[in-house]
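Some structures are shown below for you to check.
Look at the two complexes coming up: chain A is in both, with chain B in one and chain C in the other.
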Partner chain A sequence: MKLRPFRLFVLILSLFIPAALVAVILFLVIYSGQAIVFNGLHFITNVNWNLGDLYDDPVVVRGIQVPAGAAYGVLAFIVGTLATSALAILIAVPLSIGTAIFLCEAVPEIERATWRYFPWLPPLRQALAMLVELVAVVPSVVFGLWGVAVLIPFLGHYVSPTGNGYGLLAASIVLALMITPIIASTLYDALSQVPKENRESAFALGSTHFEVVTKAMLPMVRTTLIGGIVLALGRALGETMAVLMVSGGGINILPTSLFSPISTIASFIVSQLDSAETDPTNMAVRALSEIALVLFLITLAVNAGAKLLSSGALNVRKPQ
Partner chain B sequence: MNIAKLLRTGVAALAITAAAGAIPHAAQASVPLTETGSSLLYPLFNLWVPAYTASHSGATITTTSTGSGAGIAQSIKGLVQIGASDAYLSDAVVKGHPTMLSIPLAISSQAINYNLPGIASLNLSGPILAGIYEGKITKWNDPAIAAANPGVTLPDHVIVPIHRIDGSGDTFIFSQYLAFSDKDWASTLHYGTSISWPAVSGGIGANGNPGMVTALQNNPYGVAYIGISFAKQVAAAGLGQAALLDKHGEYVLPTEETISTAASSVASTTPADERISIVFTPGVNAYPIVNYEYAIVNSQQPNKATAAAIRKFLTWAVNEGNATSFVSQVHFLSLPAAVKALTVAQIKTIK
Partner chain C sequence: MSASLSNPPVRGLALRRSVTSAVGWIACGIGLALVIFPLLDIVGVVTLNGLAAINWNLFTKDTGGPALGMANAIEGTFIITIFAMAIAVPIGVGAGIYLSEYGKNRLGSTIRFLSDVLTGTPAVVLGYFSYIVFIISFGWGFSLAAAAITIAILIVPYLARISELALTQVPNTMREAAFALGGTDTTVVFKVVLPAASSGVITGALLALAISVGETAPLIYTAGWSDYAWNGQFTHAPIAYLTYVIWTFINQPDAHSHSLAYAAAFLVMMVVLTINIGVRLMVRRG
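Entry: the complex of A and B
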């Protein structure tokens, strides 16, 4: 086979992204190598995170130089990451399904007469759909500010038994708001592409509008829904700033209630990096890059799981 | 074809830049300097730089706020010329990088603030604060707090200790106060820009000094440590300021007088490399949480022009720049004369 210049060019371009991915993984593994050796499995089973005494002479443990008293256990942050994302999905999915169904099936039609007087009015449905998509591109720090200024005083005054609004629930609500438009707009696109025939035949068989939506339309967009959730999870797992602002920054403690302060992996890396850089042994930064590796593996696992779900490999109804 | 052209242009541009870099600088003042680091020092640098560049034509200084740790790390790596830090370099760092200097530029301090409805004045000490942040003292009417506050009716309510989640010079000096006044804290948690905060149920982490003010405002019965630069915001939020037990055994509020007493009490004992804590110093009426704000600079610069530009700017900063009109805007204090002499001597070693 002859390699044409164009093909070669495209081939190089297409290899770029996988190469970058491999480079990132390699960097993380190599850079955190010493930390992986030092921490062992305790890294993911311990709750205690301590940079050690950075102002005292470093000590040598198992042949590796570390600050005195250093211990790196990230279980609390793994739990924090998974708990906030799971709660956020739990809140966002019903909201998104409701929004998508409303946009697709229940937006009231504007009367023709109205159009005559206000010809510049966009169709209501498109306008609302655009609005939902617009929320998806709001920078996350804006959600964080809203969380600090509105959500946290509200939770503290009216919901939390201790009067403290910061924590797991606040972070999950902020994340849920951030990801709802992602799921809703993908689902809306899919719903509006369900063939007219399916919908009309369901009506013809005597289904109510509710049955048409739940039995004829939603089952057809299940794969898209899973895809949307995965996209949303990707954002929720990696969200940093907004979480940092409302999570209460729990450290050395596992969440016991919805109002426990927590830290997610992404927000914790950001909050610790500055201090870690003053570590003369550099072990703190290596440990942080080991957490980054863990986050990477978590997102990989989520994506792989979703691929399995949407490919039908785990579909028990249609064994094929 | 277009790409090839673009590439050629890029290579040419690079070559020109490289050549320009190789040519010795004719005018010293044109060497661009970059400052990065402490968010507490950043506002002061932003007051200094416009005034300095206005009076020194051709000087360009870029300032960024990244955090003390980044300031130290980037200055050591040579990515920036001036690293700003609330904490001096540790012994281990100095051992590894003996040419790195910690140069005090001004004096800062920190307030312990509380949100207790109806209580106008409150006395706290290092051991009490250590107990609160370790979870050993959990209620405001604890006997230890009551003993420090005779005549004050303290509420029977759970304390909400609020700490910084991000690495911070404020955490550094706060934990120094606890470590220097409480042996237990010193042996277990030490001091540093990040602390492995013990699990206190109800304790909260907040991001940055603005986050600390909001978190304390949102949490009645809370206590927090907040940099003195935020005194205005704290007062506007209606939060209380605690008097702290000094080494001499008195409760002292942070005022210009008590802070400068603390600073001058160490002026004579400050070593030549000026790496010294002004936290919990002896001296009557000396506020216990005070610190130098440092410029972290490598004494061996890659070329003479850069070294000269750094020397010139830092000398200006500790002389004209230390005028009250600058430092009082961010609630800092000028360096005492004895310390200034040491600082000037350190600046002269930059080559």
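Entry: the complex of A and C
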């Protein structure tokens, strides 16, 4: 076979992607090895995260050097991650369904020509759809800033019984805003692909416009909708900065109310940088590596699920 | 007579249906408003406070001095982004070329799938990976090199998939014509296919640029923070960046720090939104 140097060259470039992914998994696993041995199952069943006495001599447990009294339990952060994401999905799903239906069916298709003074603007429906998409590109940290400056005072003043807005609810609201565009644009695309015949038959049976949408069109795109929700869940689980800034940073307690201070896995990793660096045995860094691995595996499972759902689900054209 | 008997319930049903529809439409409209209003509020709040904080010192003085400045952070974000793009664009576009031109096989779909997995990996996990590899194992310390490589890993999969998408839209007849004229692999790709798909590839690069300017989480564990301008070293020298100013300075008690945070947020948001709006308007037109 003829040697094709250019093809080989671009193949090597593209192999950087799997190589990076393998390196991420490999280094996280290797680095967290000692932590996995030391923590065992307590890692995910224990609520207590304690770096131990960093100034005393380290003790040796199961052949591993750890600071005296150290315990690494991350149950609270796993619960925090799942609770914020679940609540965010709960808020985001109705918002996105409403948004997608309204954009697709209620907003009139005003043509570009009608924007007399702004000929560069896209048609009205596309312009609004673009605004919704733009919500998804606002950097996480800017969302966090808005959360601290606007949402937290609002929640503290009008909603929270204690007057403190930080916590589970604030984190979930910010997350919900960040993931709504993902679900909404998936659903918007699917709804606009529903064949004309199906809409027209529903109208011919005497349905109101709203019934056409909810009873004839929505059931056809159900699987796509679920795929979009799972995709959004994957994004919500790993979201860091906005959550870190509004969640109150609760550690070692399980949330009991909507205003409990919480930490998610992602926000906890960031908040622990300084304390982990002071550990002379490096055990804290290893335990953080283990928790990063857990987060990676959770998002991997969720994203794989989304991919499976969407690969079999994009055929809106076959109703039955 | 039978009609008069059956009419009232039918009329009641029709009324209920139209009321349900009206309520449904209103609820959907409220949904849209609840999505768009926060966006407008974010843009409004950040712009008002950011513009109020903009002055010449921001661009000339460092955060380390007594004057209100963040020249070090602006410069740092600029440098990190340039180096990240310099690493990621050749790899990403090269991978896109492979996937679109030669990747219609099992290896190609595997790379595509793994690229999507990498896209779905939380940025903070990538940052922590870089921390244990570059900062701890290689002993680089918080540094430009670690930061730029981390951001590059983050944006390469986007670049690869967007370039692939742009390249596959070039009609096959163009490739066949070029090969028939005696073109080699290199001339066909660089003289025919890439120029034809250039707008799509540039779109991808701009979106990647927007991502790297707006990221925070992967930099916290790699870039560190420095109150002064970059000293020209790739390793063993932490570097400042704009998004750090946003998340730490807003939590300081004094108004000066707050105005710096808003100014930084304003600059970052302007870059990200301008690129995204511009790209979308261009794509719609073209």
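Here is the rule we go by: the second predicted complex is superposed on the first by the 265 of 320 C-alpha atoms of A that agree within 3 Å, B and C clash if a C-alpha of one lies under 4 Å from a C-alpha of the other, contacts with A are read in each partner's own complex, and residues count from 1 in each chain.
The working rule: a residue touches a chain if its C-beta (ideal position, glycine included) is under 8 Å from a C-beta of that chain, and two chains touch if they have at least 3 such contacts.
All values reported here derive from a predicted model rather than from experimental measurement.
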item	value
Contacts of A:F154 with chain B and chain C, given as first, second, both or neither	neither
Touching partner for A:T278 - first (chain B), second (chain C), both, neither	first
First, second, both or neither for A:F203, with chain B first and chain C second	neither
First, second, both or neither for A:G69, with chain B first and chain C second	first
Chain B versus chain C as contact partner of A:L244, first or second or both or neither	both
Which of chain B and chain C A:N252 touches, first, second, both or neither	first
Superposition-derived comparison: chain B or chain C, residues of chain A touched	C
Which superposed partner A:N50 touches (first chain B, second chain C, both, neither)	first
Touching both chain B and chain C, residues of chain A	148, 244-245, 270, 273
Sites on chain C touched by chain A in the complex	17-18, 20-22, 24-25, 27-32, 34-36, 38-39, 41-42, 45-46, 49, 90-91, 94-95, 97-99, 101-103, 110-111, 113-118, 120-126, 128-129, 132-133, 136-137, 153, 156-157, 160, 184-186, 189, 210, 213-217, 220-221, 243, 246-247, 250-251, 261-262, 265, 268-269, 272-273, 276-277, 280-281, 284
Complex contact set, residues of chain A against chain C	4, 6-7, 9-11, 13-18, 20-21, 23-24, 27-28, 31, 94-99, 101-103, 106, 120, 122, 126, 128, 130-135, 137-146, 148-150, 177, 180-181, 184, 208-211, 214, 234, 237-241, 244-245, 266, 269-270, 273, 282, 285, 288-289, 292, 295-296, 299-300, 303-304, 307
Residues of chain B touching chain A in the complex	66-70, 72-73, 87, 90-93, 95-96, 158, 160, 163, 165-168, 190-194, 196-199, 201-207, 211, 214-215, 218-221
Contacting residues of chain A [partner chain B, same complex]	48-58, 69, 71, 148, 152-153, 156, 162-166, 244-245, 247-253, 256, 261, 263, 267, 270-278, 280-281
